[in-house]
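Each chain carries a letter (A, B, C, D and E) given by its place in the written order, and its residues are counted from 1.
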Amino acid sequence: MTVTEIITTMLLLASLPFFLAGTLGLLRFPDLYCRLHALTKADNLGLGLVVLALIFQADNVQQIIRLLLTWLLVLIAGATVAHLIARKARGDGHKHWSRQ
Amino acid sequence: MIDLVLAFDLILMTTLISLAWLLLASRDLFRAVVLFIAFGLLLALAWTRLGAVDVALAEAAIGAGITGTLLLVGLGKLGSAERCRRTPRPTTFLQRLTPAVLIGIIIPSVTIILLLELRQLQIVSSGQQGLVLSLLDISGTDHPVTAVLLNFRAWDTLLEKGVLLLALVSIWSLDQARPLFHQEAPSPVLKGLSQLYLPILVIVSGALLWQGGYAPGGAFQAGALLSAGILLAILGGRSLLPAWYGMPLRLLAGCGLLIFILIAAATLLAGNLPLQYPQELAGALILLIEIVATVSIAVILAAAVAGGHPAEISATEQQQPPSSEGTS
Amino acid sequence: MTAPILYAGCGIILFSIGLHALLVRRHLLRKILAANIMGSGVFMLFIAAGARGEGTAADPVPQVMVLTGIVVSLCFTAVAIALAVRIHNLTDCTTLAVDEESSID
Amino acid sequence: MNDLILLAILSSSLLPGLIIFTLAEESVRLRTTLNLTGALFKLLFIALLFFRVAEREYAELRLPLLADMELVLRADALSMLFLTLSAFLWLLTTIYAIGYLENSPHRSRFFGFFSLCVSATTGIALAGDMITFVIFYEALTISTYPLVVHRGTPAALHAGRIYLAYTLLGGVVLFFAAVWLRAIAGPLEFTPGGVISGLDPSLYGSLTIIFALLVLSLGVKAALVPLHSWLPTAMVAPAPVSALLHAVAVVKAGAFGIVRVVHDIYGIGFSADLNLLFPLSVMAAITVLYGSIRALAQNDLKRRLAFSTVSQVSYILMGIALASPLATIGGLVHLVHQGLMKITLFFCAGNLAETLGIHKIDEMDGVGRRMPWTMTAFTVGALGMIGVPPLVGFISKWYLGLGSLAAGQPWIIIILIASTLLNACYFLPVLHRIWFNKEQQQWSKSTLAGGRETIWPLLAPPLITAALVIFFGIFAYLFGSPLYWVELITTREYGL
Amino acid sequence: MTEILLGQHWFFWMTLVPLGAAVVAFLIPQQARWIGLATALLLPFFALAAIAATLTAEVQPITGGGWPTPLGIELRRDGLALVMLTVTAVVGFIISCYALGYFPARGHHSSRARYFWPLWLFLWGSCNALFVSGDLFNLYVTLELVTLASVSLIALEGGKAALTAALRYLFIGLFGSLAYLLGVGIFYGAYATVDLALLGDIITGTSLDHAAMALMVAGLVLKSALFPLHFWLPQAHAMAPAPVSAVLSALVIKCSYVILLRLWFEVFVSLDTVAVGHLLGLLGSVAIIWGSLLALRQERLKLLIAYSTVAQIGYLFLVFPLARNETMATAWVGGVLLMMTHACGKAAMFMVAGTIHHTAGSDRISRLAGAGGPIGVLVVVFTLAATTIIGLPPSGGFFSKWLFINAALVTGQWWYLPIILSGTLLAAGYVAKVLGWAFLDVKRSSYPVIPWVMKWPPLVLSVIALLFGLIAYEPVQIALLGAPVSGPIFMEAGP
């Protein structure tokens, strides 16, 4: 195993908890807004780590740029979608969760 | 390592099968559709594992993306509840027996027989890849899949373009497209996103199209991406000028098949066999077909999501363009 | 036993699951999903058939067939959904319920 | 060597028929012209052919249907007999029908199918092999159905259903038998002396079954007991239809088919060897007696005539089944003679119904004074049926009797005598009523010029046929007379 | 000049032209009718040219793009393809004429007319593409095109029953073609080719091959609506607009049957097909009896005709058990003959039913009561067309039944004889039922005027159906060009 491979593995492993946390949050959080929060934040970071991991495997700069671009686009799209869902939910009158 | 790969394959297959079962058995149709999209993405993974990168791209873009959008839109219109079940009629013994027999006995036993027989699938050392590679030089393109798609088996592809256009004609013949929700003005964030994404999607689809000449990619994938862009633009509040609803839209949708047919006719008129391109023109012809097809595919797919023929121009000029809500 | 053969088997199982659901499920959208799963199963068999052979590139011919097949099944899905929606608009039904002798006049 | 004259004969009735379908109901004159022109042309063509066939110069037309299968039209002596009969009677019946159906609805349809029916009969007469025969035989079934149900009443439709049920069942059996025979014996060209005598003896069992199937299926149209019941039911049809059905087209087609099978497929000698003919003669004898007995009990004039037909047609079969030259002459000549007599009777019955509204026999008291000419013709026909010399009926029976003696089956004579007595029993009382009883009711006086009993188109045809009944009875041996021609056929068939 | 004309690949033009016309008709909806009519006028001539070209040149198949066969798509120009193309051209021409009257340019149905033409031209082109294809996967694509076009055409009627029938047909079609495709996939897996001829040469007959065969046969049988998989057909065929019903019964059903015919006689010959043949024969026999009995019970003309199609499909499937070694040609020719003649007859019958529906507002059989006058010609058309369904001479149905009985006698499968014969009688029964109403003499309110294109073109077709037996010699000779069977058509049984 070369150094880059080790780094890649480490970064990939590091991304796992984020995904796990995001998924758990999606499943277990009490209301829609919390779930959205868990999903986007965790996934964005997780994906960032994956992209970072893959950058170490890239052959040339072009590929690195492409990977980064992917991350960027996903970030924007994720944020927008989360915004849209939240907006729609509020429009439909979803109540915020509060401890009673 | 081999075993690890095999284990990965097995996990993938198990996941696919259980996903399929779960989504079909799921009571909530929204969940089923979301699972179906996940299924499509995992399927793309499986295609990659089997060395079919083109198919994986197409599956992700078309199988999961567009089909998923279609299903979601359809779900929005249909609703999840099963309405109008067939009222139970007095049935004879035979009638009651048939479905039970079919489902309970035939399907599992046929499956098992097929699975057992499948072991005999001879491991032929090669399929037609040798033949394809040996003819690749004169095919006009460097990517084997594109060569097969647009030259060796171009007749299939022509007909498949026909299927696409036919589907559009069918959808248009059924109903007029109507906006699903008369919602308030789209969110400025969405507008911004669509403004940002549209150029990117156009560029990427162009790149994919070009890439089809030497690497995985091509008209389908590019077309699917472009149609996603169109849908996004519509979501972002852009609309087609009503003047475009008529001939221009139809021309855009029909040009893919039309060009292909014209080329086929030209090969015949030139005294060649059907779809036998002159060798020096092959590359150019393939590129031409691909470019036109991309546009055509994009328009057809976007129109299919809109789900109906455009409003008559004279009738209601202020009518909103077909819009959809893929992500609600 | 090699992976392609396993995938082929997986394809057949997917086909059967889809077929089962196509016959049993009533909701039109579920039927459409089922047909898509069936199709995926068949395509998996094709791709698996093209992926055999060690060391050589995958056979592009079945891949092309599957590309065609995916588009065809997409078209069927689109038309089926459009039909289902139309039926829903007319009758408010989401199943294939129809009294057999419904009037022609 | 294709002879287009055969095609001309066929299309001389087919084309007018097809054109008539497209005509409007009102274009009476055009329709009449077409009909008569067709009928006259047909007679002309037949006359041209007549002399050729008399000189043993047969006309033939072949048209490939599938590989190894041909449509064969051929005019031999037997064809000419049936052909001339049908063409001539078609002409008369057409004239009659024009008068009979004046001002009734659906005439285009009627005359169209009428012409198709005659074309099918022509085809049957000209058929040169079994396949061609089957084709035209089934065509006859279809084209007659609309005629039977022409009136459109529930009774007519009922009769039509029964007619179709019987004839189609017969047709299917015939079809099957023909395919089977074709599969065993190869092409089935009608050849004097038969085509299958050279087959392997192990096939004789199958051949016997096929023969039974053929006779039974053809027997449906020939109204063999017990397959006859459609015939009396079909009497609801208009009089011209009954006349043509009974005298020429349907019933005779069945009988003609049996003649073809016995003579030209199996061959008389071969069928006698297989012991196929005796059962046939027994069936024919039973039919002769049964028909006569049933006729006694009928009060409806047309039904009585119908049962009389059942009985008389089997004379033909009896003659064939006896397998001696004289009997064959008797049988075949009866094909023509019965046609002439029976059509006379039906024309007369139609006149009674059309002019005076008489349908039942007990309404006929003294009708001879109101319609003397019609009733004279009726009397001639009835006496001919009984077999009074020198009318044509006598000639047939004479030859049949001689033939039965020659064939060593004298029991036939008893049948003949019994049948003659029965004929007398059901016809003589009618004649007595007509001429000697006092009229019971007051019929409206004729409004026609000169006090004529009815219009010419209705009167002329029965008078002509009645005259022929007398003429051919007296001048039986004239060149071209039925008897002369039948002797020609028999000579060729037996190779004498 | 003649060289150039004969050198053209007319059979391929016959697929390209309707497809191209479909696109143009879609682009210019205002002119769709005339584009459709022009295409319909052109195609019969193309068919004649294709026949002439094949008769003068050789029948060798060519491939798309000229690539060698495992790779290129084989295109057939054999007899079967030619006769099916020709029959489709003739029937399609008549149906197009009829549709001109059925879908008037003005009125409240004009939007249907606008979509009818592109869909119908698509269907036509894809049927033609199917007939000339010699490649299993290409056959799949064409089959799907045919199905999709048929579904849309059924749905064109617009009522809920028609839409439901269309959607059911779509699911059935998908199921059938996916089962077929699974079989194709297995064959590709085993032999790495989807070419019919190549596959026929190298197939070895393992049990996997048999499994693939079973899948393909099952899929195609479903698509051709053999009993007990016919349940979708009567609704679909009866609910569709009349020209569409005519197309469906006359041509679309034949598409999957043609594929099956090609497979059975070219690919499956080295497999053990006797048991499957008997199964198909059994199902066909039940279909004949069951379909005819149900047809007898129908009160609606279109349903009656649709059930009659179920019965006729039963006859078509008798080909498979009856085609033994010595009777290959007999059964094959019988099947092809029946396909051709049934196409003409059934199309004419559906058009008659459509005209009655169109003008009388209902297709109840009782509506025919006293059908003289303006619709008298319809009864004539119906009767003439029905002769081939019953199997009366001189129709083609008569000769195909002749051949079937011949084959059954020669191969000793006598149990098919009562089936064939009773099917004939039952068919006569349901036709007589219709005719009985037509001849019933009642006073009836007058019918509206029927456009002439809805009256006379069906007559032409029914006359063809009636006289097909007399003109069958040439078509059968053409069908036998390059056919997988040879030998005498009429077999003689030994003692």
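Just so we're on the same page, a residue touches a chain if its C-beta (ideal position, glycine included) is under 8 Å from a C-beta of that chain, and two chains touch if they have at least 3 such contacts.
Every value quoted in this text rests on a predicted model; they were computed, and no experiment measured them.
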Chains contacting each of subunit A and subunit E, listed by label: B
Contacts common to subunit D and subunit E (chain labels): none
Chain closest to the middle [Cα centroid of all protein chains]: E
Chain whose Cα centroid lies at the greatest distance from that of subunit E: A
Highest-count interface - the chain pair sharing the most C-beta contacts: B-C
Remotest chain, subunit C as reference, centres from CA atoms: D
Centre-of-Cα separation between subunit B and subunit A, whole angstrom: 27
Centroid spacing, where centroids are CA-atom means, of subunit B and subunit E in whole angstrom: 31
Centre-to-centre distance between subunit C and subunit B (centres being mean Cα positions), rounded to whole Å: 12
Residue list for subunit A, restricted to those that touch at least two other chains: none
Residue list for subunit E, restricted to those that touch at least two other chains: 71, 137, 141, 144, 148, 151-152, 155, 186, 188-189, 192
Shared interface positions of subunit D, touching two or more other chains: none
All pairs of touching chains, each written as two labels joined by a dash: A-B, B-C, B-E, C-E, D-E
For the subunit D and subunit E complex, residues of the former touching the latter: 21, 63-69, 71, 105-106, 109, 134-136, 138-139, 141-142, 145-146, 149-154, 156-157, 160-161, 164, 168-169, 171-173, 175-176, 179-180, 182-186, 200, 202-203
Touch list for subunit B against partner subunit E, complex: 98, 113-114, 117-118, 120-122, 124, 126-128, 131-132, 135, 148, 151-156, 159-160, 162-163, 165-167, 169-170, 172-174, 247, 250-251, 254, 257-258, 261-262, 264-265, 268, 271-277
For the subunit B and subunit A complex, residues of the former touching the latter: 187, 189-190, 192-193, 196-197, 200, 327-328
Complex interface listing, subunit C residues touching subunit B: 2-10, 12-21, 23-30, 32-34, 36-37, 40, 43-44, 47-53, 56-68, 70-72, 74-79, 81-86, 88-89, 91-98
Subunit C contact footprint on subunit B (complex, rising order): 5-6, 9-10, 13, 16-17, 20-21, 23-25, 29, 32-33, 36, 39, 43, 46-47, 49-52, 54-55, 58-59, 62-63, 66-67, 70-71, 73-75, 77-87, 99, 102-103, 107-108, 110-111, 114-115, 118-119, 121, 123-129, 132-133, 144-145, 147-149, 152-153, 156-157, 160, 163-164, 166-167, 170-171, 174-175, 220, 301, 304, 307-308
